[in-house]
Each structure stands twice: as structure tokens, then as C-alpha cells.
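Here's the structure, in C-alpha cells; my notes come after.
Naming follows writing order (A, B, C and D), and every chain is counted from residue 1.
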Amino acid sequence: MVGMTRPDYTLTVNCPDQKGIIAAVTQIIAAGGGNILNLSQHTAVDVNIFLLKADFSVDETFAQAAFETTFQEVAERFQMDWRLHDKAARPRVAILVSKTSHCLYELLLKHQDGELECDFPVIIANHSDLAAVATQFHIPFFQVDPAKGKAAYEADVQKILEDWKIDTVVLARYMQILSPDFTRRWAYQVINIHHGFLPAFMGAKPYHQAWHRGVKIIGATAHFANENLDQGPIISQDTIQVPDTCSIAEFVQMGKDVERKVLFEALKSFLNRQVFVYGGRTFLLP
Amino acid sequence: MVGMTRPDYTLTVNCPDQKGIIAAVTQIIAAGGGNILNLSQHTAVDVNIFLLKADFSVDETFAQAAFETTFQEVAERFQMDWRLHDKAARPRVAILVSKTSHCLYELLLKHQDGELECDFPVIIANHSDLAAVATQFHIPFFQVDPAKGKAAYEADVQKILEDWKIDTVVLARYMQILSPDFTRRWAYQVINIHHGFLPAFMGAKPYHQAWHRGVKIIGATAHFANENLDQGPIISQDTIQVPDTCSIAEFVQMGKDVERKVLFEALKSFLNRQVFVYGGRTFLLP
Amino acid sequence: MVGMTRPDYTLTVNCPDQKGIIAAVTQIIAAGGGNILNLSQHTAVDVNIFLLKADFSVDETFAQAAFETTFQEVAERFQMDWRLHDKAARPRVAILVSKTSHCLYELLLKHQDGELECDFPVIIANHSDLAAVATQFHIPFFQVDPAKGKAAYEADVQKILEDWKIDTVVLARYMQILSPDFTRRWAYQVINIHHGFLPAFMGAKPYHQAWHRGVKIIGATAHFANENLDQGPIISQDTIQVPDTCSIAEFVQMGKDVERKVLFEALKSFLNRQVFVYGGRTFLLP
Amino acid sequence: MVGMTRPDYTLTVNCPDQKGIIAAVTQIIAAGGGNILNLSQHTAVDVNIFLLKADFSVDETFAQAAFETTFQEVAERFQMDWRLHDKAARPRVAILVSKTSHCLYELLLKHQDGELECDFPVIIANHSDLAAVATQFHIPFFQVDPAKGKAAYEADVQKILEDWKIDTVVLARYMQILSPDFTRRWAYQVINIHHGFLPAFMGAKPYHQAWHRGVKIIGATAHFANENLDQGPIISQDTIQVPDTCSIAEFVQMGKDVERKVLFEALKSFLNRQVFVYGGRTFLLP
């Protein structure tokens, strides 16, 4: 949501559902010098969890450290899991790619258009095909070599991510499986796009699977990568109707538009702090 | 939204955007013995209006009159337009029909399924065709006669609405134009379904208009009726793609599914107090 | 497709792709006194199969038996699997239900509206809940008793289907698993609606599975029933986006609209002879 | 449609509906050495027009001139408007742009991906902003100057189009109104994208109009440009639901994805010879 006054902070809270949480939270914000611009709140009744996101601007009396101290007291009373995000600190996001360009272009073009509140300091690839695209957008491009063996190769990736102070990793049709060590180290910070409607059609060649099954709809799924391939918490999904007069090659082609849309939406929601993880799944607040 | 604790009240507020509104509102609710279950809030930056909807349950200390007195003081400070809705008081909704049954069935079936929080005490029609449907659902059916002249005829309708203590009127493909007197008396309480995507294709035979224009998409629009035909504030809209291999007759047939969906959604949002009117248009909060 | 001239026959053909099939087929129709109103043709290049559907009207010179004899000669040359459907012979379709009414109402209302070219001579149920709906539409209602044991119970169903000369069976949220004997006897003549997006979420409580997995989209699937539960060839599917602020109960409610739409579309396509089965999947021609 | 055998020719036909057209057409193709790969046919019953598109490959006996002579005889009998398109002759398409890049990128990226069967020999603009994009894709970029006056300026555009032997012009968010002289000279060869759901919201700032009207859906429309602004025959349209919590700025942003999709689809359909114009509207065959 775009406002004429831009928010300075986003506060995210989740805790067991109880009385009076919203009043308590909003009162601390008001008392600390904050003005709430947008507040989203949801109670997931099936698992009794309360979720809240508040975007607020601040006046000159606001002091972040003091706010956090005061808030922690309330947080303990309500058993809150919470975090205050300073909007001025833009996350640094690395994009990992292989040979296919449509997801990479989508992220770079939307970023250029001001729709993604992050920096893309570096693009990492296991092939050289997309180096020219990185250069067009003036972003350093690193090619790493899976032939070295997974451990050595992932160490190279890890080193680049550290050198460039990366917060979050986006796998934009990156065709390598990450090790459990890697996904654990980057838990809930690696976003992958899978070119199928999960949990159907996990693994390789989902469009071939879908065509032979005779599905009438194909989809794509963006999710956090974890140690189980294509089984991490889902962030975003979309589908399209496919006429039965389509070939497998046409499925692949038509699927690209869904993939790029879903990956963009997932990253955007993530950057806007809309994505909460609880009980093995995500909850996205509006 | 379904919760394990059902809300007892819904509070709706709109006012010019200012600092501290949410904190002020939520504090009064908490102090009065209310527990907020869902809170939606939006600031429409293009017209600088603040909108809020809060569903809350109450404990035994809650007193409605005292709450309203306290709230009015805050309301004046913030120039609020506000209303407290007691969820126990189900709105009484009259359905007006002509000959086509698909919208009428949709409302009655969804109501039977528990999805519409209102009563349907009466069905009014200018033809007898749908009397059997009313009887199937055990609802009194009144036939009125436009041949009497608009004034006499509308007086009959008005009398039935008063006798049955009706709050809200739904025009479920009712093929008579209402007089400005009538729509003004029932301002923002008459919901009409127009079988076209407004503001395109106002007036008669919208599917014929659409087909001859060669549109690739058809739609339906639910809106508040006002003195300008098909120009009242829009509540709900939807569209579907139509292949060019469709005839006008098929447009009419395919459009029915959109019409019944859009009318149901509009009434449901209205009953859930999600519909705010400001500046000649509506804003629906989630 | 609605035409001013209604087709008298539909011819369906599938065979290995070869040169000259369309010319050969259309020439026989023209020579026999037929006038093609709509012709759909598709070559599925991934499996090299040719599919054709032709709707045609006939003049007084047309003789069905002579046509079939002539056509069979061409059919052998091209190794065709073919069938001529006389549109005047409306299929007799039995609807099987349990307790939930939304799919049953959808079929009956669309049928009443002239959108399904079949007869519904009988409704069969394993509960009495929907007897009143059947009566409203003046259709005989039979209740059968699964407590007798599957063999005895299915024999009862089979007897009703035979007594009423049923061609096709629709399972409209019928909550009993059919035996392999039954599905084999009625191969490609039993259409089931599954309340999930197959092949994800097979089996029981698909909405619960979907909610806990945190999917962002739910769907429904109509398919031919075969001996493997929820794995028969898919006829129709659709999906809707579900906000994460929905409960499981809301998934169930929102899913109903998708289920009824998908089941209706599947039956309509089937009756219009658009559904071809080849290689374990269906192909629907426009 | 992608086939293992690529079609060599596409034949398009429209004529008053009569008996035996398909048989006559397919027989000439077969006799001439052609093998039909896809055939689409539709009779628009509301205006009694027959439309046909046939893609076919040819063997070494095929002679284009002889085919056209033979076909012309049949064409006269049926009063056909027809054309034979040689697929080897790729249309030469000029893209006209102003400052916004999303539609231009979409066309260039899809073209690079092999989805548009045309050449883009030249990009013409009334601003210099997008010169770098043209250069990235190695396409000559010409800047023309509307300040010269419409006649002189359009003469410059016309000269470039002639010099580069252009067949078709795509206006990819080109913010200049073309003169009636120009659109008449290029009748049915200029495709424009309008950022609104026509026929609603013609003219300037359609998203502003839509927001103030409170529509719940926004759309985009690709159409042939003619002498009446935004009123030429529609080729492609799409819409998206917009929550009321969106600002005008967000409408503009969200609309871009619809615009680029609709313009791409329109051009693709046009190049595939799927677009027929009759009675002031288009008919697209599958």
C-alpha cells in the first residue's frame, strides 16, 4: 500500500490469541510518537494464533531503542514473537539463476519500476547464459561451478553471499538442489519458484507430468526452500486454464507468465513484511 | 470471517485521516469490555479519508448506551461518521424479482446454507412466474401490478416494505425502473444487479451491445440504485472471458453465473458492514 | 454452441495422425446429405493422435445406416475409432447424492434452464436429506442402504440404473466409494466431482489438507471414476484464490461454488461429445 | 499451436453461411498436395457469417499460383473473402513507443523467446527514453518530433515505415493520437493498447476515471486503431480484480501487467491469422 506519508517502521507480531492485544499494541505505538498508517490483523481460529502487522510513521520524539524496551514488556505478557523493521534499511537480495531469463527479467524490470523495496547487489549463476542480462542492468554477475562438488560449490556461493552482505536469496528458475546445510543456514530467507502447482507435481518436469495426467489447469508456486525439495512453506501461487489443444511445449511456454508473476508477488509480499510462518505454513496479511 | 468466538458488535468509522485514530478507538473498545476479533483499516490517500471496521465480542461489563456516549466524545474530536451495529439484530431484506430465477435461487440457497446474515421475510414480483420458488422456500410472495401506473404501483411496494418492516431491498433481476422518489427514500438500501460491466453498457440489452461491439469479456455489476439508472455506487463486479465463437444467446446464458455471483457477494459484503460510501463511490474493507 | 439450425448428428473420430483425414470425412458427410455446422479438430503432437468432432444437420436424402456403412470403409483405411451420435436420442443420466445439495441444485437448475441436453429420470441417495429437492423438481428419489454391505447395496443401485435405462451416472458429492466391479461396468460413464485440485489432495478432507499445507489456491476436479480412487481421467477443473485470512470452514464454503461449476461443465462437455479419452487422459475439443 | 510438422500456409476464408463450404475447401487443399494440420471454423449465427482458418503443410506437387487459380473459382461460387498466407514470409512489424517500457519489453522478450512470428526491424519514438532498450535488443531506434506539427511529423513516421518495408504497426503505449489519414492508410494494420476496459473509460487517464467511479475491476484493451479514438475493433481484453484499498497509483502499477499481456496476445493472434473483421467487430478463431 502506497501512502502520501511513507511509513518509517513496520511492526510484526504473532502470539496466542487473547483479549486486548490490539489496544495494547496501538497504545504503545501512539505513546512512542508513532502514527499508524495501515494495520492488518488476523486471528487464525483453526490454530488459535493472532497475527498483526502495523506500518507507522514517527515524529521527532520517537526513539527506537526506548520503544523496543517498552514493547518487550508487553510482548512478554502476551508471549509475543515480534519484530520491528526499519523501512530505511533495504534488504539486500541475491538472485540465483541458471539459463532461463523470464523470472530474472521480471524481478529486474519490476525493481527498475520501483515496485520492490530491496537492493539486488549481485546475480549468481551456474551457467554463463544470463551474464549479458546482468550487465544490461549494471549488476555484478558471478558464475559458480557445480562440477566442483556440492560442498565446495556451495561454499563458493556462501562466500559471495557473505562478501556482499546478502540478507535474502531468490532462486529465479535456478536448477540446482541446495543442501540441507545451506537451507537451514538460510531458513526462511531463500525463496524458490517451482514451475508447478504444489503439492501436485513436485520434482522434475512438472509440465510433462501435468500434460500426461491431462490436467486442465497449470500453476506455479513460490515457497521458502527447506531441506525437503519443493515442500517448504508456500508463499504465493497462481494457475491458468490450459486448453487440451495445447502441447507440452505450449504448457512450458504458457507457464512462464505464471512463474514470473508468482515469484514477483512472493518477493514483494516478503519485502512488505506480509509473510508470517506458523505451524509449518505461511499466513499472508493484506 | 468465521471465528470460534462470534462477534457481538461491528463498529464502522470514517473520518478525515489524522494521527492516533486507531489507538483511540481500540482503547475505548477495550475499556468498555470489548475484545476485538477482526479489525480492518484503510486510508484512501487519494481523497484523504480514514476507514475502519472492528468486529468485537463483549463481556458482561459492556453497556451499549454507555459505550455510545463515550464514543461520541471521541467521534466529535475526530469528526467521525460512525455506527455501532448489534449483530443480533439481523437486517430484514426484501427481494424483488420479475421472471428470471437464477439470482433469486442463488440468494435463497446461500441463505439456506447459512452464508447470509439476514432474514428474507418477503418476495415481491411484477409477474407470477417465480411464485413457486418462493413457496418452495416458504417465503410469502406478493405480486404487484405496474399497469396501475408507477406512482400507485410503487405505493403498493412501499406499503409491503413497511408492513414487513424491511430494512434493505435487493433487486434480483427486477426489470422495472424505480422512481427517484423511491430510490431517495431508500438511499443506500437498494442493491441492484446490472447484467453488464458498468460503466460500459448501461441500460437495456447489455449483452447485445457487448456482442456487437465485439468485446472479449463480459461482466456484471451490483450497485446501489439511485436516481440515475445504472449509475449508483458500485459494490461488486466480476467478468469472464467469452470466446468469439459465442452467440448473443450464449452471452446471456454465460452471464447468468456472473450475475448471481456478483449479487450474492454484494449483499454479503453489505450485511457484513464492509461497504463504506464516500465521495460518490464505495470502499469495501476486507 | 447454439445455432439457428440445430445439428442432427455429431460425429466423433480419433485415429493416428495422417494426411487427408479432414477432407475424407467432410466429403462423406457432404455426399450423404449433411451440412457441417461446427467442426473442431486437433492433432495432439505429443502422442501423434488426431481428434475430430463434427456437428451436422441433414436433408431428406440422409440415411443413417447407409452413412455408417460408407463411413466404416474410410474408418478402416485410417484406423479410426469413431461414433455417430443422433442428437435426438437424449442420454438418460442418474444423479447420485448424499447430504449436500449445492451440486444437485446446480444440475437441476441448469437443466431447467435448457443448458444440459439429457434427461434426469432418477435421483439415488444413501441418505434421505435431499428427497425434498428431488420432489421440488418432480424427479423420483430412491434411497439405498450401504449398511447392507457393499455388494448387496451396489446390486440395488445397479438394478435401479437398469430399470430406468440409465446411460450415464453423475456423482454429485456422493460420499461412497464405488467398487472396481461397478466402475468397470460403467467405464467412462460415471462422472465424479472431487472437492480438491487433483492430483494434489486425493482422498478425504481435501480442504483440511490444503489449509494445513498453506496453499493459496483451492480447486475442484470432475473426472471419470475408475478403480483407483480420485485417479480417473480428468474432465474439468477450476481454482480460486483463497486469502490466508480464511478458516477451514470458509475453504469448505468457498469451495462449493467451484465444485458445482466444475461438475456442471464436465457434464455439459460430456453431453456435447467434446470429451475424448486417449492414453489415460482426456482431450476436450472446443 | 506448435506441431511437429510446421504448417507452410494458412488459408483464411469468410463468406455468407452455406452448405458444403468445409468439404469444398478441404478437398481443394487435399487435391493440391496440402495436408491440413489445424482447422478452425465458426459460423456466427447472429450475423450469418462463416469463418474458416486452415493451417496446412504441402508436398512437392503443390504450386501456389495453380492453387490460387483453382481456389478462386470456388471462392466466387461461395462469395468468399479469402487469403492464402505463406508462413515463410514473416510480417515486418514496427513498434511505436513514448516513455513507458513495460509493453516494449514484453514484445521484445516474447519475440526473443520465439513466441511471435514476425520481425521487428525498427522502433520509432517521440521521446528518447527507450533508446537504450532498443539498443539492448540491437534494433534501430528512430526519434521523431511531434512539435513539427502533426502532418509533417506523420510524414516522417510514414517515410520510416516505407523505408523499412513495414507491414504492421504496434502502438506500445504510444501517447500520440494518429490522424484519420494515417489510420485509413494503415487500416487493420495498426494495433493499439488502451489502458482501460473499453468501451468504458475511453480517452485520457482511464485509471483515474476508474478509481473515482469505484470500479472493482480494471482492464486493458488491444484494438485496431481507426479514425475514432479508442473505438476501433477490439482484438484482446483482460481484467483483474482491484481491492478498494488500492490507490490510483497502484491501479496504474497493477494495470501494467494487464496491458503487456493483452498487447502481446493481440499481436500473437494477429500474426497467427486468427483475427477476422466483420460487421465492425473482430472474431478470433482458436
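Everything that follows uses one rule, which is that contacts are C-beta pairs under 8 Å (C-beta built on N, C-alpha and C of every residue); 3 or more make two chains touch, one makes a residue touch a chain.
On a predicted model such as this, the values are computed, not experimentally measured, just so you know.
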{"item": "Target chain D, source chain A, minimum contact steps", "value": "1"}
{"item": "Result of counting contacting C-beta pairs for B-C and A-B, higher pair", "value": "A-B"}
{"item": "Centre-of-Cα separation between chain C and chain B, whole angstrom", "value": "37"}
{"item": "Whole-Å gap between the CA centroids of chain A and chain C", "value": "41"}
{"item": "Multi-partner residues of chain C (each touching 2 or more other chains)", "value": "2-3, 42, 45, 243, 245, 247, 286"}
{"item": "Parts of chain D lying in touch with chain A, wherever the complex brings them together", "value": "1-3, 101-102, 105, 109, 113, 115, 136, 243, 245-247, 249-250, 253, 256-257, 261, 286"}
{"item": "Residue numbers on chain A that touch chain C, as the complex places them", "value": "42, 44-46, 197-201, 211-217, 219, 233-234, 236-239, 241, 243-245, 247-248, 279-286"}
{"item": "Chain A-facing residues of chain B, complex", "value": "2-4, 19-20, 22-23, 26-27, 29-30, 35-43, 45, 286"}
